[in-house]
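Which chain is which? They are A, B, C and D, in the order written, and residues in each are numbered from 1.
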């Protein structure tokens, strides 16, 4: 059973998402972004209709991504558990809403043009994490 | 096994067509049209509404005036087209509706009222009507005769 | 739930306390509108043509860009400068339906065309296909540039036709792109651009000062002719990719033609005094149809030669292809005649006004 | 006589014959083809293959066809790379310099717009709308009126400019066509929302910003600055907050989808404006001057209550919560101003002390 966060976990979600017609139906995209869970950093690359790769990165790697989403490990865990119990993120758990609700937000970027990619593809990114609903997860 | 043409056959094709969401994209989509089908002396009406073919029924030839357009071919040509679809999964390059329409002396799509606006729905919804007949590849079909391909 | 009046009174008290103006609350369009989605199509533009929001004025002085049915504001800037402010100038009964249809039937040239079915063709056939693709790459975006101008020039009170024109702009973009893609997909390239066809000469689609004049040329003559080309393209396709390409373009084009036919029908019914003027536009359109500058299926142009090569199956069978082209022109002419009759201008085919050469084609 | 016989149509058609090839007249005289066009190509032998995103416009930019000139003198609609013909009367395109329209991402954004299209009629779950308190419904309807009118201005503006752009830069024309299409969809979606839940349209905007955008006729870049950057980012921020404060799935989907579209428009605007600034010496100064005025017009129109007050009512869950809602509005404006200033910096236009107090005050939020 994959552990969140780990490459294995994101790879499993990646496979599930890529096989989901609704994920592809949201349209093509081209972005890379980081997921920051405490000290752990994962980079995801999206291209065309798929998530093409996941990789571990260090802090310097954050300079190479369009943007990254940062939450404390407990918040991430609660977010994933919510998706798993609900099937999808509900209205209060979309990334856009979380960003606006959390003090200081969760969306970070050093470049306004690249930060804008979050808004261009936020539904695809959301659907990617919704695919975690079917992934048995340990923390 | 439904016989072509019959309401039973058109219903079976409608079920296949309506249930495949792929027919709603890639140039498919909503289509509102009453389409007549003539096979010798048998006349049918297909009601397309929204994303679906909602109903197939037998009508009189005189009712064709209420259709947007109707499709009429020599019976052997109907059967040849459907066999082609069954063999290929979809109509191959020689058997698409537009090709049959242009590549024949009498044409395929006709108007009972000479109203080109309504006849133009044959073009406006061409991909949808094509998807509909292509869906017949999922339906085991019986024909009432054997034909010799033209 | 409280009544609107009770709410407003409570609001005003509150506004005084908290330094809010809240005047927008009681200055509004008709209240209590609850449009119901169509069970099959969702919430369409037709569904929201309800109450006063469905009332389309015969003439409008709305120059501020106000949405039809919104409350007017004193002191709003006259930002529009709209020249189309008479309903019959642009209206048709089914623009809302055609708009929704256009949204539902969009497609992608990148992913909905099976490009991998294209295989190398004989050089003469590939050149003919590329020549036709070059022509269509150029002419198709005329029908995007020009409607854009008219969208900006039409009062928002007639937003349904404007919305349709926006979908047409999107469709024509896709047509430009799909034919450019075809030219580069199979070892060819772009070829000779058409001469004269899309340039700014008198009577051209670009220069029309009147929407109906523009529409009669663009939607009826021009797109009706191109629709025939798309139908021929589907007939003579050498692979599934071309088959799809022409078929899907043909669907779009016939929507645009439907817009033109229904607008002319509306005009003929509501302003019969303008019919003589419209006949003059049709005279011009018919001359263009047979002269060869606008219509690639006309004779003796680069495009017509390319079509004959494609229809015949190569230069060796040019004669056969040319004869097929003429046979299809007969269809094209007959369809045009029927369309004009549908639009309410059929008398020109009875009273001798129609272009004799065109009538000859139809008869042949 | 039986009824069916009585109803026989007057027009009878002969029974169809067996299909055969199109009937052609074999006696017709066939003129000798000239084939002058056959060798006329500037580059032959191009074979572009589809990639992961399919066959894209950007993928076509190979060989001479990928050479995008800094200036396009052709005054007709000749496709870039086609074999030219002499003697074609000009149409007269005002925008013929690459720096006046170009953005490297235009072709990709165009394809993205097609792939990520949506349909307000059927992709929004309208049946999830539930009656809202009158004050909230009225505020939502007023907001939708404003957003629908802003979208109207957007497509009117682009519709005007599209015809003035030369065909040397068709990628930009295609993208802007998709931008118009998106704006049309927003115009439609917000109107539908206003008329779908027991409310109705509100009052029109005074139109100061609309006028500023519509009357910007000096150059497309200047219009884009006001349309995509100043107003565009503001609308984009409202969409973000619209998603956050949606009352039902219908509104959630509507704002979430519209946000993606808007971010695409922003992506073009940012790239184009930076391109314009880096390719014309005084463009940054021109933009500074325009923004000195534009930001003040913008701040002035914000004083009109038709946008921020309805937002406060929506955010606060009603008029009684409007005070708390107004605090949220200040947060929203803070987000807008920060992203706006980061964006002006990104394109090379640094606002500094010229930035008006009417907007900078939100930075504290």
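The working rule: a contact is a pair of C-beta atoms (placed from the backbone, for glycine too) under 8 Å apart; a residue touches a chain by one contact, two chains touch by 3 or more.
Keep in mind the model is a prediction, meaning the values are calculated, not measured.
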Touching both chain B and chain D (chains): C
Which of A-D and B-C has more C-beta pairs touching across its chains: B-C
Distance from chain C to chain A - Cα centre to Cα centre, in angstrom: 42
Chain centre separation in whole Å, for chain B relative to chain A (CA means): 46
Centre-to-centre distance between chain C and chain B (centres being mean Cα positions), rounded to whole Å: 27
In chain A, residues with contacts to at least two other chains: none
Residue list for chain D, restricted to those that touch at least two other chains: 22-23, 53, 111, 115, 117
For chain B, residues that touch 2 or more chains besides their own: 102-103, 114
Topology of the chain contact graph, where touching chains are joined (line, ring, star, complete, other): other
Interchain contacts, given as pairs of chains that touch: A-D, B-C, B-D, C-D
Interface residues, chain A side, partner chain D - complex: 26-30, 47-50, 91, 94, 96-97, 100-101, 111-113, 115-123
Chain B residues touching chain C - in the complex, by the definition given at the top: 24-32, 49-52, 93, 96, 98-99, 101-103, 107, 111, 114-121, 123-127, 130
Parts of chain D lying in touch with chain B, wherever the complex brings them together: 4, 7-9, 11, 13, 15-23
Touching residues on chain C, where the partner in the complex is chain B: 38-41, 97, 100-101, 104-108, 112, 227, 231-232, 234-235, 237, 239-240, 243-244, 247-248, 250-251, 253-255, 257-258, 261-262, 265, 328, 331, 335, 338-339, 341-343
Contact set on chain D toward chain A in their complex: 51-53, 108, 111-112, 115-117, 236, 240-241, 243-244, 246, 249, 252, 256-257, 259-260, 262-264, 266-267, 270-271, 331, 335, 339, 342-343, 345-346
